[in-house]
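Order of writing sets the labels: A, B, C and D. Residues in every chain begin at 1.
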């Protein structure tokens, strides 16, 4: 009648401890599904954030040359005033660089208006200075006043600033993407935690029986933790793969021309979503462990 | 010993049937939280979709005037060729409208380049025709060939087409917002369904006892359905309100200038998120009802 | 009230009951005995349609058990009070609420005076507010009996109602059932306790049915 | 092995046990009786540290119950086999797995021969593969006893182990416990069944402890 050590075991050695946790039930499916769904959404949000980030970067750099200084004066004053204006611009905070355009460049800019045949040199075309802001931007009114003083023929023209809202919008989208990602991460954590708790509450009877027949806390907690960590992890793996597949298959994602604006991961960015399952697993691990120890604490 | 009908009832009449369902537990909290979290995300995704939608609309209309036809020819041919070009443009599919610019308009366009003092009339400035595409766009090569035939001095200049990717990007973002919304809606439904199922499985014993003491299926199902519909609904109400508050408080959402690009609901759009709680309630209702009837079917 | 005719039943495998015939007339008093695992609980479950016969005919209050819809079964359960062997309660409700549960689910108001008297009779007057988890094994059994009789049902089916109570208490519970029987109710009790059967036979004309080798036997003289 | 000295215990309200002193020596055989709700289960729970005394001193295998950590309690439960009044099993495991559960959780391999012999003794040889829900009330009780003794524990605590089984089977179960006692194990059985106590006294020197009016009495002569 004693617990002999020879002979074939009733429980196979490998899965012995796992067997004590009931295999199925809705709470199990819930944990799996919650992990999968949230991982899917997380991958999606990640792709969104990265894509809007790329978009914002692109627009920001494309639209950065937003200002021009135009110097309309007599031919003899032109060089002197240009130099004076450049000096002013160089010392203006918020301006990354300022550069006088060459005649050829001006011709290229005017070509759409007059066609390639126009002899620009014979026209009273003003000298143009291309101004590139840094990310802080400059103070337009102050710059105008200073230019008026140093180079009276210089006119600051930042009419292209209307494009700034586009960059702002893209950046706001990027921020929102990250916020959504944080929300989804927090929700995932809470959902897995709650699902693990619900599953453990549903298994309170199992825990009680195990404790009554002499199982140690560590054994009981481990049996559940293993199970739920695995569930959260494998659910998240499934969701992540599905999410990556969905992102990959989105129309336009793989089209050549639009790759910068398309949703999708670029190069090393494909590694980002791979961090989702380990994170979900870690959340599952911690949540189950805490929940199991909490339930156990209520038992003698 | 018989069930008399007078006297103070053990159960107060109002809550009688509700009392038979256990009040708390993690599955309850799970349903509440799942509904709240998913409603929150849904509101967020809704705001995102609507905002990117507005963005796309705005860009689309702002950037629609992407093409110009320039007519460089001798002064005497100018009017005739302009008329010919306009005729071609009017019959070109994909073009919403085409209009010759007046001298004043051309002067305004050139002002950034030459300043307001420039006597435009004395320059050989070409006639410009503003071309507005419709949403389908036109076929540039075909148009070029036809123009060459009808008005040899006309040059189609759609260099501004580089802006099209911006509109496409915004539209893709809008599409993605709707996809995310659909995903979140589906996930919400599945999550509430699973949570209701998990809660009902946890309460299988309650259902068994009720059935054993003579409760009808309708009574049992109603007790659970009422409880869970309320939970899904009130959770969604909480999540929706939080989501709307979060959207409202997002930086920039209320700033004057950026209202078009900011995240947030505009006017009647504030009514959209209000549809989330009833939907969640409906999902909760159906899920619980089906789950309850499924559990009951397993019992005699 | 309840009639079994040539009933066979088995849980998937071999038949547990073969050719069982039994008639519980109005106002009759039966004991059901037999070794553990013989099928007593199974037979009783057939009587309140927790199970359906594999073959044979079961008539419950004149209605064929096979023709009963789900709501018919609910109505049947209101006319039959059952003490289950594994007393099942709603763990979040107090003892009093659990005992009054049949009234609640059938839409009757409960009379607190009646309820109190009944709880007093089964010796649970002081425990009305306790949760099921706070009751002793015997107290749960007594609560189950109280719940079975609170609707004043036409038939009381009691599965091992005295397994966990002392002799004095089992006499009291028996008294309750005998009184109900004298009011015209039909009673059937599954039990291992021969002393209980003897005590009952001294007061009412009870018949003893025994399950032996998968068959029902009327055991009259052997006690 | 187990010593209670001047122990008081109450569930929040008034004390249920007052000044209880009891010494279960190695190889002793005790019965615990008393009316339903007297506190038998409560007293046994104090003996395997499911509960802790409000005051007084409980010594389990030489260790003060108050000084035991959670793992000490687990170790204690491996040396004490308990038959709980409400037999609790893992519903998803077969009967054999449930009975072998104490071996599993303590990391012992189970010997299928032993297991089979034990199941045969309690009359469950054919039901090894059944799930707990497929067992009759008496079969569950027998399974609980089998689980309590499979580790060959030093002490066996049985709470109403024969409430749902017939007389012959209860004799068999008693025989099993008596045999264990003869092997030197300490046995304590809570029961309402006076016949069982009498049958045991005919074979071993069993002492009967009665709970009456919240106090423990040694009832020797009155049976």
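Everything below uses one rule, namely that a residue touches a chain if its C-beta (ideal position, glycine included) is under 8 Å from a C-beta of that chain, and two chains touch if they have at least 3 such contacts.
Keep in mind the model is a prediction, meaning the values are calculated, not measured.
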| item | value |
| --- | --- |
| For chain A and chain D, chains touching each | none |
| Chain whose average C-alpha position is farthest from chain A's own | C |
| Cα-centroid distance, chain A relative to chain B, in whole angstrom | 20 |
| Between chain C and chain D, centroid-to-centroid distance (C-alpha), Å | 29 |
| Between chain D and chain B, distance of the C-alpha-averaged centres to the nearest whole Å | 66 |
| Chain centre separation (chain B, chain C; CA means) in Å | 62 |
| Of all residues in chain B, the ones touching two or more other chains | none |
| Shared interface positions of chain C, touching two or more other chains | none |
| Topology of the chain contact graph, where touching chains are joined (line, ring, star, complete, other) | ring |
| Each pair of chains that touches, named by its two labels | A-B, A-D, B-C, C-D |
| List of chain C residues in touch with chain D within their complex | 11, 33-37, 40-41, 85-86, 123, 134, 136-139, 142, 159-160, 163-169, 192, 194 |
| In the complex, chain A residues that touch chain B | 25-27, 29-30, 33-34, 37-38, 40-41, 44-45, 48, 52, 55, 59, 68, 70, 72, 109-110, 112-115, 117-118, 123-126, 128, 155, 157, 159, 165-166, 168-169, 172-173, 176, 179-180, 183-184, 187, 190-191, 194-195, 197-202, 250, 252, 257-258, 260-263 |
| Touching residues (chain side chain A, partner chain D) in the complex | 1-11, 16-17, 19-20, 22-23, 205-206, 208-217, 219, 296, 300 |
| Chain B-touching residues of chain C, taken from the complex the two chains share | 49-52, 70-71, 73-78, 82, 84, 88-93, 96-97, 100-106, 108-115, 117-118, 147, 149-152, 180 |
